[in-house]
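Below is one structure. I have some questions about it.
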Amino acid sequence: MFASKISVIVWNEYLHEREDAGVRAIYPDGLHAVIADALRATPAIQRGALPLEVGTATLDQPEHGLSEERVAGCDVLVWWGHKAHHQVSDSVVERVQRRVLEGMGLVVLHSGHFSKVFRRLMGTNCSLKWREADERERIWVVEPSHPIAAGLGEYFELPYEEMYGERFDIPPPDSTVFISWFEGGEVFRSGCCWQRGHGRIFYFRPGHEAYPTYHDANVQRVLANAVQWAAPRVTIADRCPMVAPLETLSDKHRVFSKAGVLQGQGDIE
Amino acid sequence: MFASKISVIVWNEYLHEREDAGVRAIYPDGLHAVIADALRATPAIQRGALPLEVGTATLDQPEHGLSEERVAGCDVLVWWGHKAHHQVSDSVVERVQRRVLEGMGLVVLHSGHFSKVFRRLMGTNCSLKWREADERERIWVVEPSHPIAAGLGEYFELPYEEMYGERFDIPPPDSTVFISWFEGGEVFRSGCCWQRGHGRIFYFRPGHEAYPTYHDANVQRVLANAVQWAAPRVTIADRCPMVAPLETLSDKHRVFSKAGVLQGQGDIE
Amino acid sequence: MFASKISVIVWNEYLHEREDAGVRAIYPDGLHAVIADALRATPAIQRGALPLEVGTATLDQPEHGLSEERVAGCDVLVWWGHKAHHQVSDSVVERVQRRVLEGMGLVVLHSGHFSKVFRRLMGTNCSLKWREADERERIWVVEPSHPIAAGLGEYFELPYEEMYGERFDIPPPDSTVFISWFEGGEVFRSGCCWQRGHGRIFYFRPGHEAYPTYHDANVQRVLANAVQWAAPRVTIADRCPMVAPLETLSDKHRVFSKAGVLQGQGDIE
Amino acid sequence: MFASKISVIVWNEYLHEREDAGVRAIYPDGLHAVIADALRATPAIQRGALPLEVGTATLDQPEHGLSEERVAGCDVLVWWGHKAHHQVSDSVVERVQRRVLEGMGLVVLHSGHFSKVFRRLMGTNCSLKWREADERERIWVVEPSHPIAAGLGEYFELPYEEMYGERFDIPPPDSTVFISWFEGGEVFRSGCCWQRGHGRIFYFRPGHEAYPTYHDANVQRVLANAVQWAAPRVTIADRCPMVAPLETLSDKHRVFSKAGVLQGQGDIE
């Protein structure tokens, strides 16, 4: 009944890495390459985990690498974007949104909080407080029995990260798996799950391009877990059907007056 | 601290009433006129209820009657639309969405489930099953202590309504106040609450234009309650500020290599 | 990392079947025997499903068949009780509650809504409306992508069931998978999921002893799905530890006056 | 329809203050006296706020000061306990639980997380990490439009508090209003709301007896807001009624065989 593998696309804006030597030093082939490799290499530890088939896509490709055909064959889309959210075409955004609502999983990373895709699915501004100050982040596991937390300890640390602080303008998550503590004094709901339509969405906070976050083993474990968690269980196309009654109805139509008083019985059309 | 009244706009597409004699017989001055009158006339029974100041707006007005100024002064917007959702301009939709996220209440009625405003705030398709067959709807109060249910019995009935059936493609409601039973065999989550940003949203199912639903005393009670519930407690404009640390940070910046190994300490830019 | 099977105990009060010929005609060896056989025979269709090892336990056994050892080895407990809830010893109830909070799954059936175990885990009265009138129940699938709904259509019917009607006094479910329509005019949240501690709890409404509900293929499918869904992902014993700080604290203790003004620094004990 | 005031009881274990000079220096007449005075003195700033009538009760009184009559007349109960949870009689715990489910508000403070009352209503262990090290707590307002956050800034600080750290073993809150940052490196969901039955429950973390927390103006503001928020909107006694059908049922009873096959029509029982 279920496929024997999970088809994953790691999408990356892929601009910082080409424009900034500091970022390129950490991610010479792009953030997406490191994430894709990590997904391929991280052994699954969840019950029912399936092998991954991981590809990538970037902003500069035709249709941003997210053609109708490619999105149709994708089980889980991982999204990293930062400074070019506005360059993502609305038609691709609608395609991704529709597919998530049909069942595709979506893992949104870090500055992807401001991506069109995430904001469209959330319906909110998705704004937050922020600061780039090379500070320590400690990520607490609030739901240790959530599949996304499998294999983690009670917390893990990232020595240098951008700070994101509350209030994060998101709908109430279905589950809040992680909450971050920042050296500079803030907190943040760093791992949030939602279902929208038939798709599962996970937002994961860490991943500023100037830090080696996606080389971190705990971060890679979270991403591998999240992809397994977000993989679709069913795919259902949207419809809004007129349906016949399942029980016998009274058989007369009615006509109403201004005040809502029943005037008689006959055809309304 | 709080205003002494709640400013309400009842928005109506106002097409059926002008095009269809059957609908006009029930709502000669438009659905919005009946709803607005009902809001004015229904005595508030909730703790802390405030007097309402009720206006209306329609699709055919400039900016659909929802100018920047008017929306800025609105506390709760009530929305009825059906066959012209696509005629509502995107700029007005964005204005309403932004204002809801700042704190304005939104009460979406019946076929408004497919309005741009509601779908943008939900992020989902908002589709459902439906049937126009003049059938009986019994609306069960699932949360009798919710402010929107104040003054209602355990259920109330509408003798003739359009059927809406599950699955209703919405995000999980924060509260499900009503569930409907239909003569033809379906069920529906008929009264659903969400918070988005700082605004409260209530979806209320009944209200097909061919029936005198908005003349019904229980329906009017629900609308009056919903407006009081949805009225803003605060209004907060969206921002995504860079902020200074609240605690002393370690004072060195760091430089990273490809593999994420710390290379030294210095300036990254 | 995960076990290769799921160990299930089907617990039954087992009184009606021995006291009432009508019930015995439907369940000659007890409800639990039919449920256990169904779990053994229903092929798993969910991703990651594991084989089941199914046993049973009844009220009249020592410790109701739920000794410390047996509960410790149980992954998912299925619970059917009706007229002898008060005969279940508090120590067994506490054992089951503790184990659920550690991670064991719990599937509560029908009149088990009033069991001590369910009420203790919910914290509410779990009361509802009811009627035994051999009426038709139509169970609508509200979350078709939930694992418990795998393999079901948009709804299924039970020709004769006891009616349970809202308001059902439960905490807001994490997911409401099913909503029932009853011939007599009521609705009910018939499939509800909660997480408590590290354990997953599913309440499933159908199953009055006077009807052959547990012989129904759709009901058996739900039970098989629910057991897979509720199986633990981790097991974590409860603790409330004192912990050392992870960051360096200011090193002075303080002494306070009546009004909360700091008086000096020194030892408080 | 609504009462003109809110009747509040501040319940305190009242042991530390009598046994420990350091605590007595801060709370000479007991924590409850300071909290009660603060509730009386803090002006309400929420829409629809009502005047408070505030009394107190302590463990050493007959029935712990919570007789049937007194609880019946109470709108909101505030609970502080720490080292004598086991001394609270089960009958009083059941009385309080029943009354909360009927509609009474409950505000549980700090070490009250381990009170019988709170654990019974939550159904979980309510355990956490902790440390007494005089450290700074910064309480972030995650839901600034929640009534309990009225009048607060984006955060407030307590210079010295006991640390409570995640994972806090509670059911998923309906709303998480506050999240704390601790100097020593932990985070905690410090302001959590639940509805149970018809009653509203608020857990507020701060308030270790060795610190002047309840003298703090922000803490007093939270308590005053919480009492207004938790005040009942309705009071509904629990019942589980047999009800007559609202629709005409098919009029035949049925008899079933072992395999669930309908054998004929007639009387069951």
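Order of writing sets the chain letters: A, B, C and D. Residues in each chain are counted from 1.
The rule is simple: a residue touches a chain if its C-beta (ideal position, glycine included) is under 8 Å from a C-beta of that chain, and two chains touch if they have at least 3 such contacts.
Keep in mind that what you see is a predicted model, and the values were worked out from it rather than measured.
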Per Cα centroids, the chain farthest from subunit A: D
Chain pair with more C-beta contacts, C-D versus B-D: C-D
Between subunit B and subunit C, centroid-to-centroid distance (C-alpha), Å: 35
Centroid spacing, where centroids are CA-atom means, of subunit C and subunit D in whole angstrom: 25
For subunit B paired with subunit D, centre-to-centre distance based on mean C-alpha positions, whole Å: 30
Sites on subunit D at which at least two other chains make contact: 138, 144, 165, 172, 174, 185-186, 195, 246
Chain contact graph, described as a line, ring, star, complete graph or other shape: complete
Complex contact set, residues of subunit D against subunit B: 1-2, 45-50, 103, 138, 144-147, 150, 174, 195, 198, 231-234, 236, 246
Of subunit B, residues touching subunit C in the complex: 138, 140-144, 154, 165-168, 172, 175-176, 179-182, 185-187, 189
Residue ranges of subunit D in contact with subunit C within the complex: 22, 25-28, 97, 101, 114, 120-125, 127-131, 133-136, 159-160, 163, 165, 169, 171-172, 174, 183-186, 194-197, 210-212, 215-216, 238-247, 249-250, 252-262, 268-269
